[in-house]
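Labels run A, B, C and D following the written order; every chain starts at residue 1.
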Amino acid sequence: MSQVRIGMVGYKFMGKAHSNAYRVLPMFFPNSTVPQMKAICGRNQEALETARKQFGWEEAVTDWRELLKRDDIDLIDINAPSDAHKEIAIAAARAGKHIFCEKPLALTLSDAREMLAEAEAAGVKHMVGFNYRFAPAVQLAKKLIDEGRIGKINHFRGQFLQDWIMDPQFPLVWRLQKEIAGSGSLGDLGAHVIDMARYLVGEFSEVIGMSETFIKERPIAENMTGLSAKGGSSTEMGQVTVDDATLMMARFENGALGSIEATRFAGGHRCTNGFEINGSKGSVRFDFERMNELEVYFTDDAEDVQGFRRVLATDAPHAYMDAWWPAGHTIGYEHTFTHEMVELMDAITNDRQPVPNFVDGVKCQEVLEAVERSIEERRWVAISEM
Amino acid sequence: MSQVRIGMVGYKFMGKAHSNAYRVLPMFFPNSTVPQMKAICGRNQEALETARKQFGWEEAVTDWRELLKRDDIDLIDINAPSDAHKEIAIAAARAGKHIFCEKPLALTLSDAREMLAEAEAAGVKHMVGFNYRFAPAVQLAKKLIDEGRIGKINHFRGQFLQDWIMDPQFPLVWRLQKEIAGSGSLGDLGAHVIDMARYLVGEFSEVIGMSETFIKERPIAENMTGLSAKGGSSTEMGQVTVDDATLMMARFENGALGSIEATRFAGGHRCTNGFEINGSKGSVRFDFERMNELEVYFTDDAEDVQGFRRVLATDAPHAYMDAWWPAGHTIGYEHTFTHEMVELMDAITNDRQPVPNFVDGVKCQEVLEAVERSIEERRWVAISEM
Amino acid sequence: MSQVRIGMVGYKFMGKAHSNAYRVLPMFFPNSTVPQMKAICGRNQEALETARKQFGWEEAVTDWRELLKRDDIDLIDINAPSDAHKEIAIAAARAGKHIFCEKPLALTLSDAREMLAEAEAAGVKHMVGFNYRFAPAVQLAKKLIDEGRIGKINHFRGQFLQDWIMDPQFPLVWRLQKEIAGSGSLGDLGAHVIDMARYLVGEFSEVIGMSETFIKERPIAENMTGLSAKGGSSTEMGQVTVDDATLMMARFENGALGSIEATRFAGGHRCTNGFEINGSKGSVRFDFERMNELEVYFTDDAEDVQGFRRVLATDAPHAYMDAWWPAGHTIGYEHTFTHEMVELMDAITNDRQPVPNFVDGVKCQEVLEAVERSIEERRWVAISEM
Amino acid sequence: MSQVRIGMVGYKFMGKAHSNAYRVLPMFFPNSTVPQMKAICGRNQEALETARKQFGWEEAVTDWRELLKRDDIDLIDINAPSDAHKEIAIAAARAGKHIFCEKPLALTLSDAREMLAEAEAAGVKHMVGFNYRFAPAVQLAKKLIDEGRIGKINHFRGQFLQDWIMDPQFPLVWRLQKEIAGSGSLGDLGAHVIDMARYLVGEFSEVIGMSETFIKERPIAENMTGLSAKGGSSTEMGQVTVDDATLMMARFENGALGSIEATRFAGGHRCTNGFEINGSKGSVRFDFERMNELEVYFTDDAEDVQGFRRVLATDAPHAYMDAWWPAGHTIGYEHTFTHEMVELMDAITNDRQPVPNFVDGVKCQEVLEAVERSIEERRWVAISEM
């Protein structure tokens, strides 16, 4: 198979990111299987047609079910709002289509498990969109850990800090409504950190969380989709039904201790998706706002020159970077998606499951739901309870 | 009163820091009441005499009770190991002496309360050694918060990260023994962060913690006092009875959320005593390894130039700094003690309680003990329970 | 004109960067005139065909003169090695084609002037590839300066530091040969800094430089085109005929003082293309390795919170950024080219000269050549001499 | 000799810094010879007496010649304004006193040479106050270079950036008057960088400079001594006769290239006394505003973790640091003077010349004067010409 023919459901922020990845991939990864942009799907015909042209899809369809009936589509890319993931994914699996699904996989753990079961039963490839794994600096952290260069991990300290809804006049977009978004900062931001922790440290054993909604009512917006959504001139107010901030502590199966914080109220942080890991032989530190960098510390450096190194992960030795530009010439946010799609294409071509896949989506959801339960019941919750 | 005559109990790390502060103070704060270094006290006569000469005390005595009998001593400075604080402090209060006591005030909350009650009953001045409050950059954070320039506080994120006992061969010094130290990273490091949180954010409402001892046995050392204590060639092993790391989450009375981490296993962090506070109008960020700097963010900066500012708190507008050097000429760790003693001298002179005092010591201990109970009972513990 | 039909000469590093920009532009700047990728041109037919497919050009031709004869090509994009720029550009101008030419415009000032004269005589649009101007953080610096928010400029401190040829075994690629490259670090790296200085500060008045070739002989490589060019197993040595490093001091027409350094021997610097500008009311600071950031200082900030701000130029208020991702989601090196091509398309559409154009190329060359003369003659050289 | 009895001439900024060093030294370096603070000397009797008490000197004298006559004084510490250095130093030498002289050694090279000749003829110890050498992070740079761990040096990039006189209303203090200060930013700031370059890289071979006085007239101040000198309410204006900023390029005897900038007009820089050195095997980078840190890069680090390390030079392996606090507990500006005086005491005790001494003062002055000549004559000046 030299091409994977794609039908994509959703055409907003993530739809744009995925489309860009599909477009860019063949030029920079010429040995990869080519993603063919067959059809884009959405409900608003006019907006959809605009997106189709702009993003470069061959066709536009308003009913995603049509995509499943077609023989010329191999893969369904789901980036519609979170409440639509389950139905589409299961139908896609039953139709024998491979599936790429944005995170969070589903609104609930049981939904996520159902999706995984169906995908496995159908024997299709399934992937979930934890794109931050694919920053070369994160890949370097993974490599150092896997090679034992950081030693036994004792601490994981993760956070995803943003500040885009601090203004009380910021409107009530769909991401602030539980019935569509599932949860707030926890599912949107915390999910990325939880996945990062699983990727780099291992499985969670038990968790306890706390959360808060600082601004409890907001103006109802006309356009509810954006991340910036300015100018909602409405004076009608609606209830915010998700968390503005969630914190958690965790114990990992390997004995490491973890703390995670996800908030949209950290003034000055536009996108601080970061972590620090301390092992018995060293430490690594990452901040997505400087995504080309990994800070690395080794306990066995000569004693007069010990210190965190700022590694610019843009050289050829770093994952994916020989495909791009010379050393020191940085890449950006969108490249994480391109790398993600390289993994997806490679997995389909070589008949293996891509990583991260629905198993990772389910395991992340287990942790998310354990955190929610721990908040509700004000107690430590073991992942095994879930 | 133009002089305060001091008897100091303890002559190790903290004894050195305090002595230096007393010596340096009159030169840089010539309008301050002068601390007079009357007598230093310790049990090992030879080592004590060495310290006396080196630090510049007039006399050396081996029994602290003698200090209390003397008329020519106004203030007892207690920096002996933590298990000795209570007895000395109470006796000093009863003898009508003012008291400066290093943190933690006591090994237990009830001991701390007893100390406070005795000091209050005796009508003496009492101060507790939370020296980090006195870094000018921290004072700036306090000022910005008090003036409302950060707005309503939503988040406190504090940590004290060190790495000095990561080597399993590091010996079993007294700080790793519960009966002397009370606790490990929690009481030694976490106490400073808890105090900082109280100082800057306000009172804690409820907490939950977790802790771990990563290295459970260590070589027994001959010299058990040091912070570096290398070369314990002993092969006999002893039990580590305190926590290597403690994490906690907290809710403050004013609704802010907090997370605090104290660990001695964070490779690459020699002394990362730091915090970040996010308010509705801005944020502040501090790391003691760069103690002259405070990072400050304001939400109402012009929208094209928003970002954390690195404020070098070495100019005249910053607390205490007109006493030292020109702008940009930094100060160090020891200066926090000098400023602390300026506050102490000023309070005694003006017949007011210094800040922080035993009330702060008790309140810090309440939080520490609540954290310990929450770890033991695996549940949220309200400070009001204590 | 809703499309600009392009013929591109050159298909290596810059050819790849330009191609990517042309491909990406229509998706993120849907209101822009569309660059149509008609024909790519190079001498090695096999390599060219590979590039054509990979980059997505309609046709491949091995003689650039063919491009000039065609009616369906509006713009010639010249990114062949520097020694070929002049001939192609002049022929293109005479054929009535618009021209985009990579920097340096030519190997000599007189060549550059000839190119400009021919382009002006032909009435075509002409642009030169100083892509770093188009980083949004640089655009912010420009905006702050133009709005007077930095005040009168006193200092420009620029450098372009790399380390890719520090290994004496690194082969003698074309960039190290004067007859092809014109000069070494000066023309390759320094030219970018000189252009940045002109863009942000204004015209140079006089300069004096110094330069050095640290490694005077290198192995002759089989593949002479790369920036990394590893594995030249040859033992035959050839002469390095360009500068490894060049430094200069400058006076600007507006009275500002400047210093510029360009070197390929600054270990640890992969691509430190940076500058700091100090004005009477503030300062700005940029480092391309962190290209999404501009550090900004204002003298009129409140005196207790003065300090450099780290502005993450990824929000909507920053140039070009509303086309990309939400706040805090960074972009990379290649985006500078996309923005450059947006300017080019816009200029052609609106019948105006793009900026920077051949005038900027000539003025940059004046400074470069003045620096070279100042090195040769060991004296200050006025730009007016050139 | 277990004590060195000191007479100090000058009691302002440097007088305070030296006094503090003498006071602090015995406590932290108990094995050092003790500096005994015999007499302080200045012209204003009242201010002098205040300083005497505050700084802790035994006596105050208003005529420095008296100090030279006394048998109980071993060392003359000269930190009066620069125009007084020569006369006092020569008289002190002739009186057989050891000499510590603040930089710049003298107003002219010939004066400096005379001072050296006299000191050598008298056989006394002589030291010059280049205190920045004594920051432990700078000592680490020196150690790495001396051990060959940075390889052959190719680049030195030094600067001393301040901003304290940017305000045109800042008064005409003595540091802005050529007849007292000798020169402006060049002699005050540049001298430190030139000394640092000599210390770390080696001797200068040739230089060329440029300079500017941005603000040519300033209000005449009543109090002309300060570094901040606010509130000169005078409306009478006087001529600024020194440089506000001086830049230079240099070639070193070992072939390295250098650039140095000294300015008091770099907004946002309170005290950026910094350098970067690039060698064939690595780089080091220092900024005095973060004086406890040295950034270090090695070319032979594993290729996937290459990057500048931030070494916190506060551990026992670093020079002088075992005398102070535990790892990570920083020191400040004043500590450079304490270390300087440790060197001075040790040299006198062991009958050797301290380093840096008048030879270093002279060589620094050679470079300063060569720079001045190069500015005047607008040409490269060889140090051998001087």
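Everything that follows uses one rule, which is that a contact is a pair of C-beta atoms (placed from the backbone, for glycine too) under 8 Å apart; a residue touches a chain by one contact, two chains touch by 3 or more.
Protein names from UniProt, one per chain: A, B, C, D = Gfo/Idh/MocA family protein.
Please read these numbers as outputs of a predicted model, since none were measured by experiment.
S.K.: Looking at CA centres, what chain is most distant from chain B (Gfo/Idh/MocA family protein)?
M.R.: C
S.K.: Which pair, A-C or B-C, has more C-beta contacts?
M.R.: A-C
S.K.: When the C-alpha atoms of chain A (Gfo/Idh/MocA family protein) and chain B (Gfo/Idh/MocA family protein) are each averaged to a single point, how far apart are the two points in Å?
M.R.: Taking the average C-alpha coordinate of chain A (Gfo/Idh/MocA family protein) and of chain B (Gfo/Idh/MocA family protein), the gap between them is 41 Å.
S.K.: Which whole number of Å gives the spacing of the CA centres of chain A (Gfo/Idh/MocA family protein) and chain C (Gfo/Idh/MocA family protein)?
M.R.: About 35 Å, centre to centre.
S.K.: Please report how many Å separate the Cα centroid of chain B (Gfo/Idh/MocA family protein) from that of chain C (Gfo/Idh/MocA family protein), as a whole number.
M.R.: Averaging C-alpha atoms per chain gives centres 54 Å apart.
S.K.: Residues touching two or more other chains, restricted to chain B (Gfo/Idh/MocA family protein): which are they?
M.R.: Where chain B (Gfo/Idh/MocA family protein) meets two or more other chains at a single residue, that happens at 269, 306-308, 312, 315.
S.K.: Provide the residue numbers of chain A (Gfo/Idh/MocA family protein) that touch chain B (Gfo/Idh/MocA family protein) in the complex, in ascending order.
M.R.: Within the complex, chain A (Gfo/Idh/MocA family protein) contacts chain B (Gfo/Idh/MocA family protein) at residues 154-155, 157, 159, 163, 166, 208, 210, 212, 214, 245, 247-249, 251, 255, 257, 259, 261, 263, 265-269, 276, 278-283, 297, 299, 306-308, 378-380.
S.K.: Going by the contact rule at the top, pick out the chain C (Gfo/Idh/MocA family protein) residues touching chain A (Gfo/Idh/MocA family protein) in the complex.
M.R.: Per the stated touch rule, the residues are 13, 16-17, 19-20, 23-24, 26-28, 30, 53-56, 162, 164, 227-228, 269-272, 288-292, 312, 314-316, 324-335.
S.K.: So in the complex, which bits of chain C (Gfo/Idh/MocA family protein) are touching chain B (Gfo/Idh/MocA family protein)?
M.R.: 140, 143-144, 296, 298, 301, 303-312, 315, 317-318
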